[in-house]
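Structure provided below as structure tokens; questions to follow.
Note that the chains are named A, B and C in the order they appear, and that numbering of residues resets to 1 at the start of each chain.
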Amino acid sequence: MQQVFDEIKINTKGQGLYDFTNETLAWLKKQKISNGILNINILHTSASLVIQENADPDVLYDLKIFFDKLAPMENKLYKHTIEGRDDMPAHIKSALTNNQITLSLKDKKLMLGTWQALYLFEHRLKNHTRILSHHLIGH
Amino acid sequence: MQQVFDEIKINTKGQGLYDFTNETLAWLKKQKISNGILNINILHTSASLVIQENADPDVLYDLKIFFDKLAPMENKLYKHTIEGRDDMPAHIKSALTNNQITLSLKDKKLMLGTWQALYLFEHRLKNHTRILSHHLIGH
Amino acid sequence: MQQVFDEIKINTKGQGLYDFTNETLAWLKKQKISNGILNINILHTSASLVIQENADPDVLYDLKIFFDKLAPMENKLYKHTIEGRDDMPAHIKSALTNNQITLSLKDKKLMLGTWQALYLFEHRLKNHTRILSHHLIGH
């Protein structure tokens, strides 16, 4: 059994869903492990991970709008306002989605559905560099 | 260390929670691995996975109603309406719950609480066949 | 490859987020495995797991309030009321957050971001003892 650890960095420019499937696939291609578990963790609490449809960009737009309405950027709703009006909603959206995703690699192929892609869901307004820990265990 | 990959197919007939615990347990019984990680991924973005109470069916009913209210099937709320009024709410409900669940197998026993069962949460109105990727790694 | 299974018990005294990062780190320290996957499952459906900010306690307060508003403790909203007004909202909050978290251990260090901590999110009003299954696989 072998293990590899790495970090993939994604630059975000404001709220929205950023497809990082190709970055992950390119990284997997370089590894010697053909079958195993890929554990991806986002090392932040104001951005998160989702697996979503990769076909119609309107889906990504609607997701962003839905979460904005559910956890509005209104300081009066929250006690934690010291880091800006987008920070507490960001923590909430992060709690509602995922900090980590565990995927299966079979014969060098990442087990995703035809319409599935991996997205970093950025919840902050300003530019950020987000670290996605990648850990592959298998043989 | 050994690995096994398989797919379990679940036929759904409209929205609701479908208990697939027995299908997973029957599959595990056939494997030679006694201790390890079971990674279950749903290869779709309009149905999802939850671990929930298996005692009172009212819990499943209330969950369905809650998510329907939270992400209503009203076209005017969304840009993505081309696949039907139930599709965008389905993506939202999927983002709010889980695409994958990682469980532990110990001495041939799946580590679930007494009241926990595995559910496929179907969010579409029409009949579907849903693929649940099962990947077991251990020895 | 080695595997270790254990349970960590957390006593909760009503709703809120309980940081169990130190309990998990102390447990990891005692294991011989230096690199691997840590799979944590909560064996209950009315409490859940989240990774959240460990800096400002107001974040935890706001999270609790947000989820209470989203799934209010009002019997008239639910069919499942037999276990108390806090039980169905607890199941909903559990479905919206996580039953399990999968983390990576590298060189004896748990891969968490600087501001990330592991929280048990208790959704019931009365005192409970919650079991967190810990399963470490690696070498």
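The rule we apply is simple: contacts are C-beta pairs under 8 Å (C-beta built on N, C-alpha and C of every residue); 3 or more make two chains touch, one makes a residue touch a chain.
Computed from a predicted model, the values in this text were never measured in an experiment.
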>> Tell me the rotation angle, 0 to 180 degrees, that brings the C-alpha atoms of chain A onto chain B, to the nearest 5.
In response: 120
>> Under the over-half criterion for shared residue numbers, do copies chain B and chain C use the same patch or different patches to meet?
In response: different
> Just curious, how far off is chain C from chain B if you go by their C-alpha centres, in Å?
Replying inline: 20
> Which residues of chain A are in contact with two or more other chains?
Replying inline: 1, 37, 70, 96, 98, 102, 137
> Can you name the residues of chain C that touch chain A in the complex?
Replying inline: 1, 35-37, 50-53, 56, 58-59, 61-63, 66, 70, 96-98, 101-104, 106, 111-116, 137-139
> If you look only at chain C, which of its residues touch chain B in the complex?
Replying inline: 1, 3, 5, 37, 39, 41-46, 70-71, 78-80, 82, 88, 91-92, 94-96, 98-100, 102, 131, 133, 135, 137
